[in-house]
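A quick write-up on the structure given underneath.
Chain naming follows the written order as A, B, C and D, and within any one chain the residues start at number 1.
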Amino acid sequence: MKIKAGIIGATGYAGGELVRILSRHPEVEIVWYGSRSYIDQNYADVYRNMFEIVDAKCLDDNMEELAERADVIFTATPQGFCASMMSEEILSKTKIVDLSADFRIKDVKTYEKWYGIEHKSPQFIEEAVYGLCEVNREQIKGARLIANPGCYTTCSILTAYPLAKEGMIDMSTLIVDAKSGTSGAGRGAKVPNLYCEVNENIKAYGVASHRHTPEIEEQLGYAAGEEVLINFTPHLVPMNRGILATEYAKLTKKVTPEEVKAVYDKYYAKETFVRVMGDGVCPETKWVEGSNYVDIGFKIDERTGRIIMMGAIDNLVKGAAGQAVQNMNLLFGLDETMGLDLVPMFP
Amino acid sequence: MKIKAGIIGATGYAGGELVRILSRHPEVEIVWYGSRSYIDQNYADVYRNMFEIVDAKCLDDNMEELAERADVIFTATPQGFCASMMSEEILSKTKIVDLSADFRIKDVKTYEKWYGIEHKSPQFIEEAVYGLCEVNREQIKGARLIANPGCYTTCSILTAYPLAKEGMIDMSTLIVDAKSGTSGAGRGAKVPNLYCEVNENIKAYGVASHRHTPEIEEQLGYAAGEEVLINFTPHLVPMNRGILATEYAKLTKKVTPEEVKAVYDKYYAKETFVRVMGDGVCPETKWVEGSNYVDIGFKIDERTGRIIMMGAIDNLVKGAAGQAVQNMNLLFGLDETMGLDLVPMFP
Amino acid sequence: MKIKAGIIGATGYAGGELVRILSRHPEVEIVWYGSRSYIDQNYADVYRNMFEIVDAKCLDDNMEELAERADVIFTATPQGFCASMMSEEILSKTKIVDLSADFRIKDVKTYEKWYGIEHKSPQFIEEAVYGLCEVNREQIKGARLIANPGCYTTCSILTAYPLAKEGMIDMSTLIVDAKSGTSGAGRGAKVPNLYCEVNENIKAYGVASHRHTPEIEEQLGYAAGEEVLINFTPHLVPMNRGILATEYAKLTKKVTPEEVKAVYDKYYAKETFVRVMGDGVCPETKWVEGSNYVDIGFKIDERTGRIIMMGAIDNLVKGAAGQAVQNMNLLFGLDETMGLDLVPMFP
Amino acid sequence: MKIKAGIIGATGYAGGELVRILSRHPEVEIVWYGSRSYIDQNYADVYRNMFEIVDAKCLDDNMEELAERADVIFTATPQGFCASMMSEEILSKTKIVDLSADFRIKDVKTYEKWYGIEHKSPQFIEEAVYGLCEVNREQIKGARLIANPGCYTTCSILTAYPLAKEGMIDMSTLIVDAKSGTSGAGRGAKVPNLYCEVNENIKAYGVASHRHTPEIEEQLGYAAGEEVLINFTPHLVPMNRGILATEYAKLTKKVTPEEVKAVYDKYYAKETFVRVMGDGVCPETKWVEGSNYVDIGFKIDERTGRIIMMGAIDNLVKGAAGQAVQNMNLLFGLDETMGLDLVPMFP
């Protein structure tokens, strides 16, 4: 019998991507397309690409009712929603993969400061497992509540993680300059997201204040075994999908490209979804489009003693829906890659 | 045992798309990545999206040798190549799905006039089956040589076919105004295909002279049972993939939208890859991106007595590689949709 | 002393383009930046490109007060606004160039039917001059109220006008398939205009029902001296600016390309802003971007007896603000091209 | 009498932009459209946007002959060309504005190392003036040979210059992460510059090895009064025009945003083409498109002690042709802004 999955926020871009992936997952049946904005409308009228693929109407966001029906609930909702709904009763009935930030940050004060809202169920933060599969695989397997990582954070962390873990870089010098496609901004009707405002344009935003900063700092801090403060600067790029993170740090000692490659391989050689491309290769977001891959390259600059690390993901897949399904596969003891054998589309 | 497939022209965009699709086809193994330009290079160095997915070097375009090894050969090559290579010996050993125009047009004089080259093996034109699966399914099943339809033609023909077949439109008034993404222009390094030339720009080209014209005319002529001459105008659109055909014709009598819909349903209701959206719906190329679907809508204009028919496909999938795999499935008695359960990607 | 110009709707895309052009017009001073949405905000905060160029705050849309201060008022407002404000008193004080559709259509019933709103000042329709400068230059010079033509219509009409006027085409067969950049959809925050919805996508819309249809029909009807009904199909293209109109019609007799070129030259050889490119040249929207030009090409198809005419404009310039300034120049006896020597930007 | 200007390399993108600007410059007449690739072709056939604006044929690249005819020569040519042609005789007859890198770097060894070619006329390097107008205005006025700065360098230097000059930032920590539109890659027909390769994609390139690095280092070294080594990482963005530089450095002491703003204003308040937007404003490339402006914003991150500086230019204008004309204006004693009152185009 298939796993019954419910999605709250099924009509946002991340929710739509969950539907795209789960509709071809051999062990999953979607039983709930939750969308407050489109209740009672045909899902395939909201996303015409799903015409004749999904035959269902949008439902509301009643998590209690959904918990009765679903084996797993994905919440692809604005910050605060999942925390406001969470209860022991729900967790006793179903598993939760939360794509919002509500349970990602262990320090509730940090969450409340960066997100500017009160956390409605801090009692579940400790239990929640940060669903970065390549790092926390074993804890994920037994969890009830998964905090699915953010898009920028997935890319930023995985790109630096092995070098941070091995003490190869000076964490106080780490700078993450990230570039994202526009789907990361969501499907809300706002002037700055209009075609004519984004097209033929690039800008930084949220400089020194973007909410993904503390999430990256916390996770890389665990890896490095020290408190980490970084500069993280996101940019909006005129493309639909893709995140590229260009990361700079001082090397703690002189190393060769081969030594760096070996460190990456130590952590990622067996990982299906991490492709270490190595010295001098500059990953392109197009190489991962539509897939769950993280592509990583690097370059040592001997003149300055810095290493430049580059990582690329599809923000809607490995940065959201794909990783959520990867987490679900782990939660239910399935092959971790099931339903995720998505070949990147080029061009 | 899996079907052994060889691809000549594996590093063009259509060839790359064949690799993308066949690499996940459960019954196929690719045994030959032919590419004259990249011989001996790793395929995954030419298309980095295939890193860790394809582990093979590019080979030459020796069809005779390939015929020994492969159960089916896909030729995604410039016009003239396949015809120049074709022989009874090759056809006795393997099946051919030719993505070029060499065997699409039954009248060799028409071919030679529009393509401006001599046909090197006219003796196989009669045998070749025009691989428009929804129209010629039964003939395809027993064929040795498939002429895979062109991208514009697939879209243009399927959009008008039922109304042409039923005599509902005056064929002498048919006008096809088509718009294509830039991957249709191929991966050749030419100034007009540079990013800065295509981006923020739209133009018509090949007006009253595009080579897909006689192919559309021949096939719609078979449907209508009369000789057909049309105006076909392609346009280059700043996007990677997608073809939209907007077609205009006088209705032969007053009909209702319901009657038109019924005619479309008569031919397509059971077709997996044709989605009839019906009256007033304007298909968007994004709804089919990455998939093998053809989406069709229409609108009757009572003021002018014309019907406007609209069809959308992904030019690299239903317009090339996807349809080629659909043909292969038919040739080998597989489920026609095998390997083609590609969900359109949005956004 | 400079002409005092006021703009109502200065923060829409057409209004913004008026500011861009007028800010460098040697004989104009902008005295009023009207914008209901941004009252009291710095104009340069709404459009940062105007930082240190415009130093003014947005004002309301009080046309009566503005009429006291301005020699000319441009209304770049939604349909109905200008008609609802119009009065003899205003027209006695100032000249009006209305960029909306309110005074374009002579038959008020046709206006009310296609626009679905009541016309609030039909008494001024007769007086209003349709501001297609190349056609109505003399009437414009003495006018008080100019109905600035629509973007699609400017392009569609000018492309076919000489052939219609000379009886060279059968008007009952005229089909206009038009493609527009997204700025034509305005700056309103709507989901269909979001970057991710428009990018990598093309679609038709308003099929057999777009409001520019009767405007084209009326004007080409005057040219042809008969009632004209056409099919007009607009498409949304992933680019900021530009309209391309591809027009199809039966020739009334056999003509040579030279004869067609001669007819175009008869009407346009002396026109600064119309560039007749002639036989076989396919105009590209990029060639006119940022400028007031209309580029025109054509191709005769002897097989079908049709001519394909192609016209390209920048929808915000010749299709809106540029033509409005051209009208203003005529109204005030200035050189018609003043402030409009904009060189198209490529790439 | 007008200044006679010749352009070598008039059919590249930078050359085309020179033509666009100079064709409307009130004091300039272009007498030579040099283009080795298109000799004897109509310039307006190579760039159709110039139809009816430029009526001239392309000529060869004979600088000696051109020196007889022109008051100023712009060389928008590949590296090495200008140096190979330079002579005392040419400089005695005409002024040179070289848009290539040949005379930008004072240390010939550094030039030869980064560019990989021998410098053919090192004797003129000392005399050449680095044409960054806002920094070297007075030397430019009396020069014969101007080394017009690179696109990335103009943006990178001007964004950091005041803080470097005032010792406000630790130069050893400076990192420049730059993003460029694709016109910077030139009009050469290469696969990586094809529409389908660039569109929907972002990548870094030339990491730790891009040729603009030593140019930035040399100029900022002069400003800081010390040798400077930086990390400079360019990225290719799917847009035609625009460069955004995001720059990171440690502050040498605690400062307020007001103090930083004051330093920028000290250097730029009187500069027409530098728009200091100040604290927290993130410049967008669209705000400067088509214009000669540099827009600058910044943000202090108190948590890390770093400042993030952001600068935006149009790479073809302030990054190439516009700055070249600005230099020409200075060379000939004209108003520095003449012909450069280009309003940024939005959208």
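Quick note on the criterion: contacts are C-beta pairs under 8 Å (C-beta built on N, C-alpha and C of every residue); 3 or more make two chains touch, one makes a residue touch a chain.
A quick note: this is a predicted structure, and the numbers were derived from the prediction, not measured.
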item	value
Farthest chain (mean CA position) relative to subunit B	D
Result of counting contacting C-beta pairs for B-C and A-C, higher pair	B-C
Distance between the centres, which are taken as Cα means, of subunit C and subunit A, whole angstrom	46
CA centroid of subunit C to CA centroid of subunit D, Å	36
Distance between chain centroids, defined by C-alpha means - subunit B, subunit C (Å)	39
Residue list for subunit C, restricted to those that touch at least two other chains	13, 183, 196-197, 199-200, 238-241, 284, 286, 289, 347
Touching residues on subunit A, where the partner in the complex is subunit D	173, 175, 177, 179, 181, 196-197, 199-205, 207-208, 229-231, 233, 235, 237-242, 244, 246, 248, 280, 282-286, 289, 299-301, 303-304, 306, 308, 310, 347
Subunit B partner contacts - residues on subunit A that touch it in the complex	13, 16, 20, 23-24, 47-53, 183, 200, 240-241, 275, 277, 284, 286-291, 295, 341, 343-347
Residues of subunit A defined as touching subunit C within the complex	13, 182-183, 187, 189-191, 193-200, 238-240
